[in-house]
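Read the structure below first, then the notes.
By written order: A, B, C and D. Residues from 1 in each chain.
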Amino acid sequence: MSTSALRVGVVGVGVMGADHADRLVHRIAGATLVAVSDPDTARAAALAARYDGVRAIPDPLDLIADEGVDAVLIASPGFVHEEQVLACVAHGKYTLCEKPLTMDSESALRVVEAERKAGSPLIQVGFMRRFDPEYAEMKRLLEAGGLGRLLLVHNVHRNKSVGDSFRSEMIVRDSLVHEVDVCRWLFDDEIDTITVLAPKPTGRAADGILDPQVAIFRMAGGGMATTEVFVNSQVGYEVRCEAVAECGNVTIGLGQSVFVRRDNRYGGYIPDDFRDRFGRAYDLEVQAWVDACRRGDVVGPTAWDGYAAVAVCTAGMQSLATGQPVRVDLVDRAEVYGGADT
Amino acid sequence: MSTSALRVGVVGVGVMGADHADRLVHRIAGATLVAVSDPDTARAAALAARYDGVRAIPDPLDLIADEGVDAVLIASPGFVHEEQVLACVAHGKYTLCEKPLTMDSESALRVVEAERKAGSPLIQVGFMRRFDPEYAEMKRLLEAGGLGRLLLVHNVHRNKSVGDSFRSEMIVRDSLVHEVDVCRWLFDDEIDTITVLAPKPTGRAADGILDPQVAIFRMAGGGMATTEVFVNSQVGYEVRCEAVAECGNVTIGLGQSVFVRRDNRYGGYIPDDFRDRFGRAYDLEVQAWVDACRRGDVVGPTAWDGYAAVAVCTAGMQSLATGQPVRVDLVDRAEVYGGADT
Amino acid sequence: MSTSALRVGVVGVGVMGADHADRLVHRIAGATLVAVSDPDTARAAALAARYDGVRAIPDPLDLIADEGVDAVLIASPGFVHEEQVLACVAHGKYTLCEKPLTMDSESALRVVEAERKAGSPLIQVGFMRRFDPEYAEMKRLLEAGGLGRLLLVHNVHRNKSVGDSFRSEMIVRDSLVHEVDVCRWLFDDEIDTITVLAPKPTGRAADGILDPQVAIFRMAGGGMATTEVFVNSQVGYEVRCEAVAECGNVTIGLGQSVFVRRDNRYGGYIPDDFRDRFGRAYDLEVQAWVDACRRGDVVGPTAWDGYAAVAVCTAGMQSLATGQPVRVDLVDRAEVYGGADT
Amino acid sequence: MSTSALRVGVVGVGVMGADHADRLVHRIAGATLVAVSDPDTARAAALAARYDGVRAIPDPLDLIADEGVDAVLIASPGFVHEEQVLACVAHGKYTLCEKPLTMDSESALRVVEAERKAGSPLIQVGFMRRFDPEYAEMKRLLEAGGLGRLLLVHNVHRNKSVGDSFRSEMIVRDSLVHEVDVCRWLFDDEIDTITVLAPKPTGRAADGILDPQVAIFRMAGGGMATTEVFVNSQVGYEVRCEAVAECGNVTIGLGQSVFVRRDNRYGGYIPDDFRDRFGRAYDLEVQAWVDACRRGDVVGPTAWDGYAAVAVCTAGMQSLATGQPVRVDLVDRAEVYGGADT
């Protein structure tokens, strides 16, 4: 692991890119945001000004070529990806490119060919579901072997609603694409044929839009998958996946932890350990503490809370010995803790 | 926000402290681990050697006083907390102190008094449940007002098992203490009386240990709470909390997202947005990418995966137009992607 | 089993008694409702007139003594139970008496004494939770032995709201009484001491009413139970129970099937068999068919539905052989099925 | 409603027919089992002998024609259904015929034609899912209108395993047939085309069996449905159904009560009333009481249990007034209750 932080440039700072910039500054260890680029130069400049030491570089190809940039996160629109990604490969820059890689197979193949010539991969494509703890646990359970060979996958992918400019083809290209990657990854296999069907559309979509749609994948190795995509479901953002294997099935996205059904039992896992249950809480606690220290502040439980807890537990130990209620007597709360204990 | 990273020293690098050290290096933005201290100097040295630029400082008071240390994380045993925390206050260092603050009310009060004299709080106590997303959402729902005044809290706190040295009083001091803080925080009120009762103990605990226990808190403002603590439950680590308010109740820890019951409905929230559902996946994706870049590696979906997804979606758009299955023809996979696409 | 139907008289035909009368006529095999009695003689007469062959008998003691009545279901107010139940015992009539058995311990003891003298029990008290499939499954799981000895029970018992005449004591006598029986039954033990505590009451109850309440039972054999009763919860009718045993715990009433946690797993049971999953559906189907036949009617799926299903499946078998979509051609629907197929 | 009980004959007393016979005797109000018929005359005779007043009639057509039989329940194999059902129509007997109605479309059409000539329907086909409380609630919610038009249905139908004689076509004809009826009923529409696809089969099915299968229905009115049938899933009997409508979706079969998702909320219904939650418990309680009375027995809570509950509640009311624990003093338990209180 390099001892110095990775210097990252972000190309495209719309909603997604700005979110990534914020993530790099506030939630990611070992990285430093050093540059941003956007055709909307005012937007890029405003974002750069928000953080210390971040340059706004008008031309994304200049950002990519910049010697002070170790790695590039591409969050620009898909139709400019080919040029930018090829530039990253040409300059040997590690790249995280939001999906889609490019707009059609031919251009995607040019990227693949460039990497092949470069001799080693530099590009990671932004199929973030592989990093979702629920999907990752599903994959782990399938690979652990006890469930047997994967036979079928059922996906549901719903948005509450989309703008009227969202056309039928975009349901395939921009929504279904996530399930394309999920199925290739879960089966560790290529999709051999795809069929996309549509029932009579919902009245809540724009006229002429085929929504919902049902896609059927047949995998090269004989597996199958069904996927409902429904971008005007009116319900909310719902993503579910069920993997059906020879000896059991795994479901995620039900508002529950990863669900396994096998041997006449359904249910999930109870951790052994508090670090498993509260690992995320510890991360958030320490991040909140670091952030507060850097702005000269204290958040969260104070020494007063620590004192009160000790006093209550001391009384509790007395009560345990006697079975009787025990009063907790605290001193008056100092002004210094006046508003800090909530 | 300070533009430079916070330089943190960790005091006590047993299981908990080592975990925090790892967290500061690998998962926390804006912080740099600079020093560690432990009575077991070999352990401290080994930990320091694992990271770049981390010093092992034998005496914890030297670490606390060190000018290169901006803030201190105390993960030493509770009986040395008083001296260390008072030193932190004396040196004006921001401090995150694992619970308990100290071993008894008198010593805790000396810390409170030191902070009062210092004029502003410097210490955060490690009650991490306030940072757990489920507890935080419960608190937010209660404060949002629609559920009315909080009346009752029911807690369950279970460990799978503990060592034979875990005594009855430790169930109060080391386990129940978390629910002490949770109830004080949820009610925003002090505990007025505590009663701790014990049924006939489980046969799975060491002889003479009162396990499980049931604690009853009466809050100063009239609220009540019940807590079961059971440290040899044989089941796993289970932490649940139900907050009963005048117009509804909220439950967490059921292996489900935060559960609300009101107006003849039970259930939870479906997000509007993919950033809500997959925000954590994005964090993990970008952290994995940064970590991989720093060691000169690529993980996760490659350009080949990007190409295959584009090819499948292109075929899918054709199928949508015709209703017929469409074959997906991929070129041969280049050797460079040989083992990287899973 | 007697070959002739049991002739049942119902004493008290308010809400509960009228519900039982309807149950005996429409949902119970092997019983015939023959008589009803109520101080409101018009109400009793109206109910009797609704069914064939049911007499309204003004004096409940006459109904109890009647030779044409084999068994008595008592759904009158609690304060007349003693006289009526004692009459049932005197006449040797089997009796199902709604709770409470009587209004105080002394009168209940007179009933017990009468049965003791009679030499064998005749009375069943209406603690219907023992017959609820979820409670019964919980009891079965505890008795099966794998979970070890029962240590603790946690109950929640909530009503949406009650009338202003519902007083604090009634929360104990009329609501908590169910959990009294549940705990005695689950532990197979008597309650040794009871403590009833109340937090500051909800603002949604009538002035002066202590609602919610928390009861603590200590069982003779050392077990414990906590029960929240909250009769103005505003939420709905919520009854939950968690039984905590030495090696696992069982929860019911979460809007889920019986939930077991043990060995780091939570979850429930998936049946082997369709009769397990759909046994209740078969009962309801056949009851609906019998009821329809008796009034000269047909409900539910008709021969047209049977024909359409056969036609679809025939097409499906063709499709399975070819992998192609197959059209289903149905003849025109005859008028006789015009409105019957929904 | 006829005042006398419906006299029912059962044709075919294999597993399913015997189960129905038992149901008619023990769980159904208003019906009397009077006759059974089976090619295995010894089996029929044995079953008849088990109940009082039931005749075994060798020829099913004689049973159907019998003047003492008001209605016929046909549970014989499907290939004899046509002859038996046509005989029922000819004799004007109400009939509940287990699925399939007949073995092919032509014969089913002959039944339909016979009913058309008879002028009114007599036959109910045994698609019992329409009577399952979960499916019925789903149908009710869809018809209530708030969810908008039904767009898509997703079904899962799994058996743990089937015998080696279960062939690929039977998955369509004997398993999928239930979803055929469910979809026709939920959409209130006919199926226009059916496609049945199969992935590479599980290794847990007999050689040559296509298991699992995925069926796609396109409804005449434009709706669609997907159904997975998997008869060797190794998991258990799993039947799930999700109905996707324009403004929300409804899911059943998840081991939870009927689940609705709409307006960014998922969850289910909490009843207002104890009769809703415990209606089934009351039915089972009264049936158990009637059955016990008829064999001269008492089950369930006795007068002793009633006495103990009153004594505890009396103590509880004292504790409520004082906040102190109160001892419960019971008299010695009479021998008459010696073993009856568990």
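A few notes on this one:
Here, contacts are C-beta pairs under 8 Å (C-beta built on N, C-alpha and C of every residue); 3 or more make two chains touch, one makes a residue touch a chain.
The structure displayed is predicted, hence computed values, not measured ones.
Interface comparison, A-C versus C-D: the higher count of C-beta contacts falls to C-D. In this assembly, B is the chain whose CA centroid lies farthest from the centroid of chain D.
Separating the centre of chain C from that of chain D, both taken as means of CA atoms, is a distance of 20 Å. Computed centre separation for the pair chain A/chain C is 47 angstrom, with centres defined by C-alpha atoms. In chain D, the residues that touch at least two other chains are 160, 197-198, 216, 218, 235-236, 238, 255, 261, 264-266, 268, 270-272.
Here chain A touches chain D in the complex through residues 148-149, 151-152, 154, 156, 160, 197-204, 212, 214, 216, 218-219, 221-224, 226, 228, 230, 233-236, 238, 244, 246-249, 254-255, 261-266, going by the rule given at the top. Interface of chain A with chain C (complex): residues 261, 264-272.
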